[in-house]
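After this come two complexes, each holding chain A, first together with chain B and then together with chain C.
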Partner chain A sequence: MLKLYDYELSGNCYKLRLMMSFLGLEHTTEAVDFYPGNQHKSEAFRQINPLGQLPVIDDDGLVLRDAQAILVYLASKYDTSGKWYPCDDPAMLGQISQWLAFADGITATASAARLHDALFYTHIDVDAARSGAHRLFRILDEHLFFAEEIGQTWICPGDHPTIADIACFPYIMLAEEGGVSRMDYPAIRRWCDRFKRIPGFKVMSGVFPAGPAADQSAA
Partner chain B sequence: MSCHDRILLDDWHVVADMEQLRQSRVLSATLFEAALTVSLGEDDNVSVKRDRDGQDLTCQLKYGFVWVCPGTPTRDILHIPEAFEEDRYVVSGGSFPVRTSGLRVVENFLDMGHFPFVHTGWLGEEPFTEVQPYEVELTDDDEIIATECYFHQPIASPTAEGGIEVEYTYRVYRPYIVSLYKTNPHFDDRKDYIVLFIQPVGPERCVVHNMLCYLKEGMNMPDLRWFMQLIFAQDKPILENQIPRRLPLDPRAETPIRADKVAILYRRWLREHQVNYGAIPAV
Partner chain C sequence: MTTDLQRNWYPIASSTDLPKRHVYQAQLLGREFAVWRADDGYVNVWENRCLHRGVRLSIGINDGRELKCQYHGWRYANRTAGCTYIPAHPADAPARTICNNTYPAQEAYGLVWAGEEATGDVPALDGFDDLTALRPIPLIAPMNMVAEALLEYKWDESCKGARNDEGSVTVTASDGTAVRVFVQPLDSNHSVMRGIYNRAVSEDDRVALLKRHSWLMQELRDRIEAQAATQDAPEPYHPVIAKVSEDLVDIPAISEDGRTADLRVTVTRKEMTAESIVSLRMEPIKGTLPTFQPGAHIDVHLQNGLVRQYSLTNGPGETDHFTIGVKREPDSRGGSVSIHDNLQQGDNLAISAPRNNFPLRRDSVHTIFVAGGIGVTPLIAMARALNAQGLSFEFHYFVQSDDHVAFKREIGEFEGALSIHTGLSPDATGAKLAEILSSPDNSRHVYICGPGPMLEATREIASEKGWSDDAVHFEYFKNTTELDDSSSFDIDLARSAMTLNVPAGKSILDVLRENGINMSSSCEQGACGTCRCGVIEGEVAHQDVYLSDTEKAEGKSIMTCVSRANSDRLILDI
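Showing the complex of A and B:
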């Protein structure tokens, strides 16, 4: 059985909870006391992931770390539709990989600012993290705006979201907790609302569902 | 704006969690806008220094936290019998900075009305949104107690198996310290206990420390922390988006409804004790 080493307030763990929910994947969860227990840095946990980071999955003995890598694995192995990560489409794979790397940049900036503000990571240069996040949000906002102009709903082409959308979503939604507002990024905000209406979407603490009124207009 | 409220200055406030302090040996903290350095010495003695003038502040260790009194203590740290019961986990659920007044956090903690909307699927769910009438009193010890608070909760606790009717008792001990007792899903006659020790960082900033005293039976610690943080992190963005950030004490400032009975008394009690820090005083 697939097992997720999980921390509720981690956006990177949330990426995998979303993927598993979208795919309807059965799994077990082991809660890791990331804060305040610092259990991910413990000797025992470093046996599982020497980097001392979450998330990690164990799929019948295959142990994988890194949210983006795990998204690639889960979609490749379990998505029978082949739409979340179209393995036979080189152009799509290139674009998805590009945005997965971009998502790592969001983690390094927006998530870092949140760790500083919300979890006492006082060594982080929060001003640099926030301005880095705004730089990335501006780039994504423009990308999404021009995508909308040509009828493209998601980060990558096609009529279906990909793991690139999943990888970018959590730390954009949680950015306010690090003092990074989405106010100036209307295309990002519209994309967030669309993302919340993907069947199987679930929230995490700090992320609220799409409003019911807009839900009806979407239906 | 610094704090001039004697009732607050002459009282005890948590500034650090010992578990965190043991990890880092030295921590920075802020209390009433004054930067402090909390240190754990070689001999495991804790000291708290005010950065501005290097003055040592009176401090104590209790319940796994470092407490300081910036003035002259007129009373001791409160006594919590649940913390000494051996069949309970007594643990911090984690300290969380929140960009709002600590008084707003107290009031949110006292409010059942938001359960179905903010803690959907956990502490409440539509259409069970009505807050039934409950009792509120000011005790001889000058504490606020709300009793007979009932609410239907789909997942009331990490050990819950299905929805139950939960009974709460709320208790405000001090302006920035509030607790609740709630039904344990497995024992009719025992209650789980949560207390918030709120550190006023500034009038519109605080750190919420908490102590969880949960019956061990059927529970494990990581799940207990997981649940507390799940719930608290749902409240946080709501709290941080509430305007004004300071709690208005004028009875006409924010119109209460019947479900706010305990909050009405809390605001009156703050007025009578002339607690202005973190508040917008009544005119």
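Showing the complex of A and C:
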């Protein structure tokens, strides 16, 4: 049985909770006390992930770390529709990988600012983290604005979201907990609404649900 | 203090920034707005905070009709920003005074405009009859520095910039193409450049045009931000969030006249909705109508001097008009006949603000509506509210014949939840009611409105089946009780420190008014609940149809328009 080493307030763990919910994957969860227990740095946990980071999965003995890597694995193995990570489409895979790397940048900036403000990571240079997040959000907002212009709903082309959307969503949504406002990014804010309406969407602490979309007849 | 800046109109969004069911976050001169488009197209610009705990409404849910706060679910109506429902108080109608701050808004030139204290129309822009709104570019710099730098904005060498009177910059090229850029001051050191291009462009050229200007303006943004970073940031604006006014905080003064008619409306549509039932659509002569809640009624002051109460049938968010249904009563005392025969489309009427003595709980697992004849009207508004929220209900409508079915379009929205029971005898009606009310349950609520005998029958059946009084809600539209006003007794007014005598032939309400104590009233026949008053001591002779049997037995309330005392003295909480 698939097992997720999870911390409720972690956006990176949330990525996997979202993926598993979208795919309807049964799994067990082992809670790791990230704060205040610092359990992810414990000897026991470092034997599972020497980097001492969450999330980690254990799928019948295959132990994987890194949210983006795990998204690739889960989508490739369990998504029968092949839409979350279209393995046979090199152009899509290239674009998805590009945005997975971008999501890592969001973690390094927006999530770092949140760790500083909300979880007492006082050694972080929060001004640098915030301005780094704004630099990335400007780029993503422009990308999403022009995606809408050509009728594209998601970060990558096609009529279905991909793991790139999942990888970017949590720390954008939690950015305000690190003092990074989304007000300047209206295209990102609209994409967040669309993302929250994906069937199977789940919330976490600090992430609120969207209301239903306008039905087409009323539009 | 109002400054010139506050009186200006500024664009705060592109029209395309407001798709349906989205809440846009804006800011102007340091003040945040929650901006949302209702399904009827109306653009709402509100203070970005819930009146309850101050949570930003820009993270709320736009359901197309109302905006719901994410924190405790307070709901606010389209247009009025009045609170329509507080989930923690499901049995109470929110006070009319719970209303968020709204700001002037207009949509023009592909942009949404707002201003804290703006009046009149947004500036007319010559030469922009056809246009394309460019991608807005936010930046960290003061408004004046941005406007100055925009004079140098160029997409080819012939471009020349000029400042317009209202502060925007127009850049024109030799081929006649022009871009006019408005600078929205979010705060003293935070702005947005909002450009419009003076041509409509084809789909094919559109993206290229937008991309080119997005790129050029971002280049300009980077230069301006570099310059701004070398200077000390100006002091941020300190917007004053208006406090709730004193008169709203205090217990509202009892109105001078129990029946005020503050609102003036025009009857914009009068049509027969069923056999002998006319529907009236009323729109404000100016301004907006106050917030209503499902179940509310208004007083209509008729041209012949009579005052009549009618329930609103509006669905949630229908805030640009009120709709009522009026049945021509065969034994009319002049109210319904006047509306049917004399009132014309285009006539003006005086009406009261909506009053809700028939509040709808939205926390029941399932709601049963039982309507008889014209009693359907308040229940339509209630069921439309539940329907819009996707809450479970069933709607039973008892009518004489198909021709008597009113508001067919509105009740058609209920689809499978609607059952119309046509032409049943009193016995058959009783049997049907017994079937509808066969399984009492604390998690379900029943709302009944209809003719007196049917209400009595429904209340009896509900009681027999074991429904508690708390779960059965009813509204009479008239009191058919034979009133006895032969008694004489004293009333002690605990808060006013007065003792008055109520003689035979006069009501408590009459005596209160004669002695300068104003009391709200509406129907003045013991049906509507408006003149309800607390009883501290004494035995009440109830003659109203508003209070439930339990409430009557408790004896803690009295309808001052019809009810009297069985004891020599009543102590009232006035």
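Everything below uses one rule, namely that the second predicted complex is superposed on the first by the 211 of 219 C-alpha atoms of A that agree within 3 Å, B and C clash if a C-alpha of one lies under 4 Å from a C-alpha of the other, contacts with A are read in each partner's own complex, and residues count from 1 in each chain.
Quick note on the criterion: contacts are C-beta pairs under 8 Å (C-beta built on N, C-alpha and C of every residue); 3 or more make two chains touch, one makes a residue touch a chain.
Since the structure is predicted, the reported quantities are computational estimates derived from the model, not experimental observations.
In the superposition on chain A, A:182 makes contact with chain C only, while chain B stays out of contact range. Shared-chain residue A:101: touches no atom of chain B or chain C. Once the two complexes are laid over each other on the shared chain, residue contacts for A:149 go to chain C alone; chain B is not touched. Looking at the shared chain after the overlay, A:51 reaches neither chain B nor chain C. Contacts of A:139 after superposition on the shared chain: neither chain B nor chain C is touched. Residue contacts after overlaying the shared chain place A:91 against neither chain B nor chain C.
Touch criterion not met for A:128: it reaches neither chain B nor chain C.
Contacts of chain A with chain B, set against its contacts with chain C after fitting on chain A, overlap at residues 208-209. By the touch criterion stated above, chain B contacts chain A in their complex at residues 17, 19-20, 23, 28, 92, 94-97, 99, 120, 221-223, 225-226, 229-234, 236-237, 240.
By the touch criterion given at the top, residues 13, 17, 19-22, 24-27, 32, 39, 59, 61-64, 68, 70, 135-136, 138, 186, 192, 206-207, 210-211, 214, 218 of chain C touch chain A in their complex. Interface residues of chain A, counted against chain B in their complex, comprise 8-9, 31-33, 35-39, 117-120, 122, 176-177, 205-206, 208-209. The touching residues of chain A, counted against chain C in their complex, run 138, 142, 145-146, 149-150, 182-184, 186, 189-190, 193, 208-214, 218-219.
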